[in-house]
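Should a chain be cited, it is by its letter among A, B, C and D, assigned in written order, with residues numbered from 1 in that chain.
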């Protein structure tokens, strides 16, 4: 089988990571071009990765006939335009989360993707993490009976730049961070019927100027009647803290870990160890497995592992939670 | 200082434990009498503890002029009558949680206690647990900055007998179990302004016959604006699982542990250890410290460590959470 | 059954602890007298415990006809005289470890105890620790197959006063501390056939003045052919660190824990918790169970749980290890 | 800088791993050829990695003028011939541990390497593990004061094939496994002055037929006077268990971890998790960092990170430990 020619669109922090993987660590793939609206950024990354072609406009990359698939790692607000252009160009598409900031945008994207018949796979890297995968296997094997409660905690070590906190750019705390938790919730528990959210700007008062919150709790009632609890925070000053628990009638599965380097210190100050610094350390292998999975599914003609419908479902929970927060009441999803 | 003569009212599971402590492990105390509405139970416990006097009627114990203080460990539904009789008899009172099933009852109790000027201390043993105490010290020392979220998880290893699940007897899952979590929440975070609860009968369908639930999530918004999350469950099949977390602007304190016996097994099946069996193992030292604290405060003329007002505040949160559950909406407490 | 009248001989740190237990927490026992060569110390402890009689001379306590049993918690160098006097007085004897500093002394003590037919039980509190007990049960149940290696680590948080370090008083590091490890080794693995020791004065140079070491490793070859490793240290600056491992053909049992208070801190400095402060915290329950076991065995006419022969066997390993250290060669025990 | 052309000699289990890394994950390197005495194995690996050239004889690979450096991953018994041939061919050499089975062989290899002036770097992957590296930094920063004891535990999940256990092939348990521990010991503690070993064939009686043992304890006295303890075993039935501890005057550093997948199970059977399967999982990143380090040092003209002298020093400890085991006495190294 010849190698799949992939173009990378977006050369920011995540884009650089996917670029590294596509260039060196995804079997059967050749990274053929890099695009970024900042031409020097695109060129620099292309140079680092030994890639000949770089573009400032994603349209030019999409015009490149050699390229068969694209990884869309732009800012969320650009997803719609890029994905729709990519669909029109007939290329297979990998799209970072969240799919978009509104359900209307997402619906248009999915519709066009379907109309054009192109391969479209969403990114939710937790689905490829060894812990989340093992939990799913255990659950499906009946190790904890029926799941009755799902808890998901996501905590960032610091707040994003204030301009990014603007909910119009990021979707706000709940959509930006929580969408991972809502996707995991769906994976283990099925669809969400009702949400209720509380939150506050409790650690970074400056966030109030753009209208975002830094801590939130979102409760879920699933269609099955089971319960869910999502906690989000921007002030995990010790590091990046991601935890999950699937609580069942016959036991529980706890997902996560909290030490990065395998040493512990014993001194007069007590017993201590470090924490996980950030998402690149926590999910490095998951991100790699995810982009490998995309390449494999495209090459083998398999259906996408994570669909546009998955992305929409997680987005819908996010938006309902935001509404609940604003209106101080539970919101039904059906 | 001569020894304080204490009478124990209620010789059930908790009553036996307090009886052991009062007879042998509380300095400055003599257990002088035991009362239980089942005379043979009272007599048997008195005999085991080397106590001369036992009574079937609490009134008779209260008539005993030698007795200076009573520990009320009856069923919750009897608290009101016993406490009010004890107040009229002028004895110092220790009362197990919850103070009562209704706010009206609690108000009458507290009013009479105040009118009679008797010493009245409530029981919330977590306040005397080494972990909860250490967390309070760390918080007050500023170790985690300002607290912005409090999480409290309480899980029982099995459901109580079905007749006890009847909310008319126990107050239901949220009032029976959650009152501990609400008390801890107040201790660390201040007063609760709003609650929202979801729940379900998910593990023990037979509970539906009496109208109780077996799993619940209660969200709290504190008057400070900080957030709280309480999870309750009756199906921790592996043991008794009590955890807390105080989440602050500069760090976090996690409370709890999950291994009872200090060994770990490494076999072909993996690496494993046991769990905490039940509340007597988890809180043995806290229950002891609590009854010692009561005796010390009475003997030294100190004010009660936990007041009737504390009991009412925790009960009020419980009842608001029950209302939220029934009405599917947030409930304000002010 | 009437209560057993026990006299406590030795009111130092351990003596005070046993005094508390005998006075308040050992069912079926009355603490009847306290003796210590410092009369004010004896009197003060007796007063604290509500015990009427105190003596400066252990002979006077032994002359007390009311007293049926004695707990010998003097310095090791006084064990021989006190135990032999107690044997002559016909009283049941509980003796703290180590039995003596020499095998000759131990042999004389045991011979007289046997000749007088008195009950004699040695103290090795680890045998009553929940972890060590659970490990024994697991081993006997075949959970790890045949044991092939035993590791035991004992670490003190600081060095004893320099005068106590004098091997003529304490037996030196290996006899003073290691005897616990050697006793545990025998309990799990059977008799020791050969030892080899290395050591050094590495943390407290002032110990060289009295000829003691502060760190040692003692290797064991058991009669079964299995292997053993004991590590001893006086410089666990973070606390008291006791660990064991039974290594078998089908798995392993690790014994021990390293956090005292059930909280963990998450801050910019990392993730941390406290350590176990010292032996009273680590083995409080084991010491209590041990003295309860003594009382129960005396009262019920059961044979001693730990015999003089056990004490001699552990002492013999200690002395052989000391010889190995001096002579830089393995020493056979048979 | 042009890419370094590397030839891989040896396509067994470790050879395949290094092949993957050299082909895809070492910046600045091109894997140019694969040699293995089994021609089909060499060819198959070359094919998998997209490498054009494969050889049955290492001499042919060494004759390849394009190749600038070789990774020697043959059986230990072939190291001498291959390394000396490589030295004569003038190529930079990376050599898996142990350098050889005898000091005489090692001396000849090192002499020729020096005479030819070629770059020669040994493999001890633990030196590149995140835990071992972090421990070294902490030690050097004075976090635990002066190191006074070093403990190193290495446990394999099962015994190698019986023919490999033959000490004439593998060097036996102590040389084959322990050389890693001895190298780590030197890295943290300096040179070893004296060793004492005990061991036995305790888990796999069939090993006796070839004269190997399956469990051993090796004690070390360093030139500084500090102490060391190495434990080796072939019967860690639960997985691969590597632990270290640097014990100092002001604290301790524990190295290692015991859970592979970040989930924990809570069921009626207790609380459990998996173990680390084997060395590829435990040291994947360390092996990668090690071969990257080799390439970087060759390309930049840096001195080797681990020298032939390091290899000889670790081998010398191994051989002295074997002698101690045979002769039942301590062996001096100077």
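In this text, contacts are C-beta pairs under 8 Å (C-beta built on N, C-alpha and C of every residue); 3 or more make two chains touch, one makes a residue touch a chain.
Model, not experiment: these values are computed from the prediction.
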item	value
Per Cα centroids, the chain farthest from subunit D	B
Pair joined by the larger number of C-beta contacts - C-D, A-C	C-D
Rounded Å distance between subunit C and subunit D, as computed from the means of their C-alpha atoms	42
Centre distance in Å when subunit A and subunit D are each reduced to the mean of their C-alpha atoms	39
Mean-CA-position distance for subunit C and subunit A (Å)	57
Shared-contact residues (touching 2 or more other chains) in subunit C	236-238, 250-252, 259, 266-268
Complex contacts: residues of subunit C adjacent to subunit D	146, 148-149, 151, 194, 196, 198-200, 202-203, 215-217, 219, 221, 225-227, 229, 231, 233, 235-238, 247, 249-252, 328-330
Footprint of subunit A on subunit D - complex, ascending	24-25, 129-131, 134-135, 138, 143-144, 250-257, 259, 261-268
Parts of subunit D lying in touch with subunit B, wherever the complex brings them together	236-238, 241, 258-259, 266-275
